[in-house]
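Paired with subunit B in one complex and with subunit C in the other, subunit A is shared by the two complexes that follow.
So, the complex of A and B:
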């Protein structure tokens, strides 16, 4: 049974032009111990999906789903309190801009202290402070922060983005979650620290059996760190499957275009040649095309594409396209 | 930290110097002799005139005059009033506590009413409670103080006769003014009927305080609402929600402390509004405070008193804004750091 199972998740909001569906029937499932990459351009609704799972979207967003289950529990039918309990302990989230995700007015040490599991504290009142400090020190060491004294006393603005992100991760692992949602965890972090963060994720995944939903637009990270991926375009899932299969043979034209936009230096790129991209740009939310949202930009689009394609399956590889990039001889 | 406090202090000194210069210019420009305007001595005898020339260095150039003007004022010599011939300094000491008392109580009421309502509106954003608070604050903000005061006097004072319409205390109670604050003076006095005196003082306070509190309360409401709402949309609130912290912890440990900074800085800017409406309120309720005194002085063309009132009120506002700055620097970790604190 998958740990997180999402079927037809839609996220809508009311605008002056009527109700707009920012995320359209997205499917996602994560098995225990898996690292799943959720890939798409900025604005494709990846972060919305993550926030919908966490239940931290504003009131103006309307979330509906056929199934939004975590470990067999329907998240949408939980009360706010039950959900909060689940959030801190079972599902954790790491955000895009670590520095702004920490309270600027509070020391890092105190914020770490707040996210410690207090019910695990079995010592008397007078030893609690010692216990907490030891726990915090342990957590910080676990994420690779050596000078815990200084970090604990600092305010977020005194630390670098990389250290802040590590602190965020330390907070999330305080409760030993089973699912970690990482929403573009390294976009604002310098290159050296990026690899550290990913290694940390890998370590958590291997040692603590944490499943990770890695949201990113960086295909190179996806290729090297994830086992399977789901590709989103404009709020629709276009393709999902094992990472190596998709990177070897994508079925959806959008995935193909994404992969082609990655420079491969072994293929002898011509000097100053242009990288392949799709023509046009991502449509704005007010002017979403009907049917397959890639339609107007798709090189293979035909009349049939004004209807939303059904999810199809071919050897453990899901895609939604009327005209997939499969050799015609092969039965799809 | 100390560096910034010293810097703010310098700013304070400079601003006050400019303020003194403007007041000095005003005294020079006003009709009449500078010696009369600056000291309040009317029909001075030749001996007095010589003494005044000596004290204010009126025979020297304008810069010396300005410096000695500052010197005299700082040492508490505000001259004497045209109308009462009393030293203005003594009059200030007599009237200022009444104003401070009124303003402090009104501010307290405004905070007690405005702050929770603003928070409520921010939490219930875009819901009926929010619209209610917004509507009430808009109505309160639009009601002119003088009209509200007069209506209150007409209804509660004259028609229902619940509350006294003027003054601070009934003449029956002979309270020795020690501090100038009625409630403290009653406490310090050895009256046998303190309870009655307290009740009377409160009855006198109710209408002016509430009238004066209306506008600050609506401002506190709106400022709190905006600030808290902004903080609740911040990233770190989302992050702490995702960590499963309880709404109360998020509100009181994270959102509020962060919202306090914009609230404090905005409120300190609104202090001048409070002071102006306090003056109007004092006139309406015949409250023997500095505003009443100053407006009387304006009617009487009592130049030394006008200049003294200007110095006191403007100086108070400058002082408070500098203190707010210091408080903000002390409570905002980010501003304490070297780069960001320089602004």
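So, the complex of A and C:
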């Protein structure tokens, strides 16, 4: 049974021009111990999906879904209190900018203190401080921070972004969550530290069996770190399947365009030659095209594309397109 | 091909404090020497704190060098001569969202360098703005827009147009591509490559996306703690890195 099962999740909000559907019937499912990549450009609604799973969207947003289940429990029918309980314990989230998510007025050590679970402490009152310090040290070592003394004493502004992000991850794993949602964990981090963060996620995944939903805007990042990916465009799921299948043979024109738009060096591409790219840019929420939202930018679009394509399945690989990039002859 | 830019023994030091009344300096960059030819692209790669942004800033004149020479087309560039500098070398900043003034129309934004550095009249300036907007693939009507009315990719195009405004020879781009989305990034790369062919521009790129660097650059400079570790033709550096640091860098940047 999948750990997280989402079917036809829609997120809408009211605007002066009527109700706008920012996320349109998205499907996701994460199995226990899996790393799933959710890829999309900015404005594709991937952060909204993450927030809807956590239940931290404010009242202006209307979330509806055929199924939004975590471990067999329907999240939408839970009361706010029950949901909050689940949120910190079982599902944890790592936010985009670690420095702005940490409290600037407080030392990192103290903030880690606060995030420790209270009910796990079995020692007497007088030994609690020691127990907590040891626990924090263990957490920091687990995320790859060796000089724990210095880090615990310093304020967030004294540390680099990479270290701050590691501290954030240490906070989230204090409760040993089963599902970790990482919302663009490496966008503000320098390139050298990015690989470290991804390695840390993989280590957590393998040692503690944490399922990870890795949200990113760059297809390059997810290639080597995830087992399967879901690609989103403008709030619609475009394609989902195993990473190696998608990278080998994408079915949707959008995924194809993304793959071609990054220069790869195993292919023969002339030095300084023009890259293939989609024309135009991502439409704003007020001016979403009807039907398949890629329509106006798609090189293969035809008249039929004004209807929303149904999700189709081919060899464990889902895509929604009327004119997929599949060879006509059947594979043997 | 003639040498466009020549840099000799460029260094940069910051004063860190005093000891026994004697000022103490910390050298963050250099000595660096390189030559850049016309219509060539040089990329600077390195880890954080390796001084690559400092080098870019010194070249455009946003920061002052401590010692060394910068020679552009046989003419020495003075430290404080900004009019001379800003005509020849211009910069594209990292984040177009924050580097464009939100309270000015795009036309006025682009007109500004012309106002300060040339004595064109208003009509000529307007014509020049329209011309540059067309060159980067926008419409003359965009001059009346405010920056927030355009999309991310268009903003970066405007930033490119602003850099092109005084017909420079060299454009310095400091991480100009890393914040862009995937499909927009390839559009901007295409635009830069097209402009290079049409106008004979030279670029100095500061970036950490190895694949992009490899695609667009002729020469690559690898910096470590302000010193040049390796400098050579792009293919040579990427295919057969001589230095251990380069090898490690290529590995961590996912190559």
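Everything below uses one rule, namely that the second predicted complex is superposed on the first by the 329 of 332 C-alpha atoms of A that agree within 3 Å, B and C clash if a C-alpha of one lies under 4 Å from a C-alpha of the other, contacts with A are read in each partner's own complex, and residues count from 1 in each chain.
Throughout what follows, contacts are C-beta pairs under 8 Å (C-beta built on N, C-alpha and C of every residue); 3 or more make two chains touch, one makes a residue touch a chain.
Note that the structure is a prediction, hence the values are computed from the model and not measured.
Engineer: Specify the outcome, clash or fit, for subunit B and subunit C once both structures are aligned onto subunit A.
Structural biologist: Once subunit A is superposed (C-alpha atoms), there is room for both subunit B and subunit C without a clash.
Engineer: Is A:200 touching the first partner subunit B, the second partner subunit C, both, or neither of them?
Structural biologist: neither
Engineer: Check whether A:100 is in contact with subunit B, with subunit C, with both or with neither, and answer first, second, both or neither.
Structural biologist: first
Engineer: According to the stated criteria, A:41 is in contact with first (subunit B), second (subunit C), both, or neither; which is it?
Structural biologist: second
Engineer: Who does A:168 touch here: subunit B (first), subunit C (second), both, or neither?
Structural biologist: first
Engineer: First (subunit B), second (subunit C), both or neither: which does A:263 touch?
Structural biologist: The second partner, subunit C, only.
Engineer: Go through the superposed model and pick first if A:59 touches only subunit B, second if only subunit C, both, or neither.
Structural biologist: In the superposition, A:59 contacts subunit B only.
Engineer: Figure out whether A:115 sits in contact with subunit B (first) or subunit C (second), or with both, or with neither.
Structural biologist: A:115 sits against subunit B, while subunit C stays out of touch.
Engineer: Least CA distance subunit B-subunit C after superposition, rounded to whole Å?
Structural biologist: Checking C-alpha atoms only, subunit B sits 13 Å from subunit C at its nearest point.
Engineer: Common interface residues of subunit A with subunit B and subunit C?
Structural biologist: Common to the two interfaces on subunit A: nothing.
Engineer: Please name which positions on subunit A make contact with subunit B in the complex.
Structural biologist: Residues 51, 54, 56, 58-60, 84-89, 92-93, 95, 97, 100-106, 114-115, 155, 157-158, 168, 171-172, 175.
Engineer: Hey, which residues of subunit B end up touching subunit A in the complex?
Structural biologist: Residues 125-126, 233-236, 238-246, 249, 253-254, 257-258, 331-334, 337, 340 of subunit B touch subunit A in their complex.
Engineer: Quick check on the complex: what are the subunit C residues that touch subunit A?
Structural biologist: 41, 47-48, 151-154, 181-187, 189-190, 193-194, 196, 208-209, 211-212, 214-216, 249, 252-254
Engineer: Which positions of subunit A touch subunit C when the two form their complex?
Structural biologist: Touch list, subunit A to subunit C: 41-42, 160, 190-192, 195, 217-220, 224, 257-258, 261-265, 269, 271-278, 281-282, 284.
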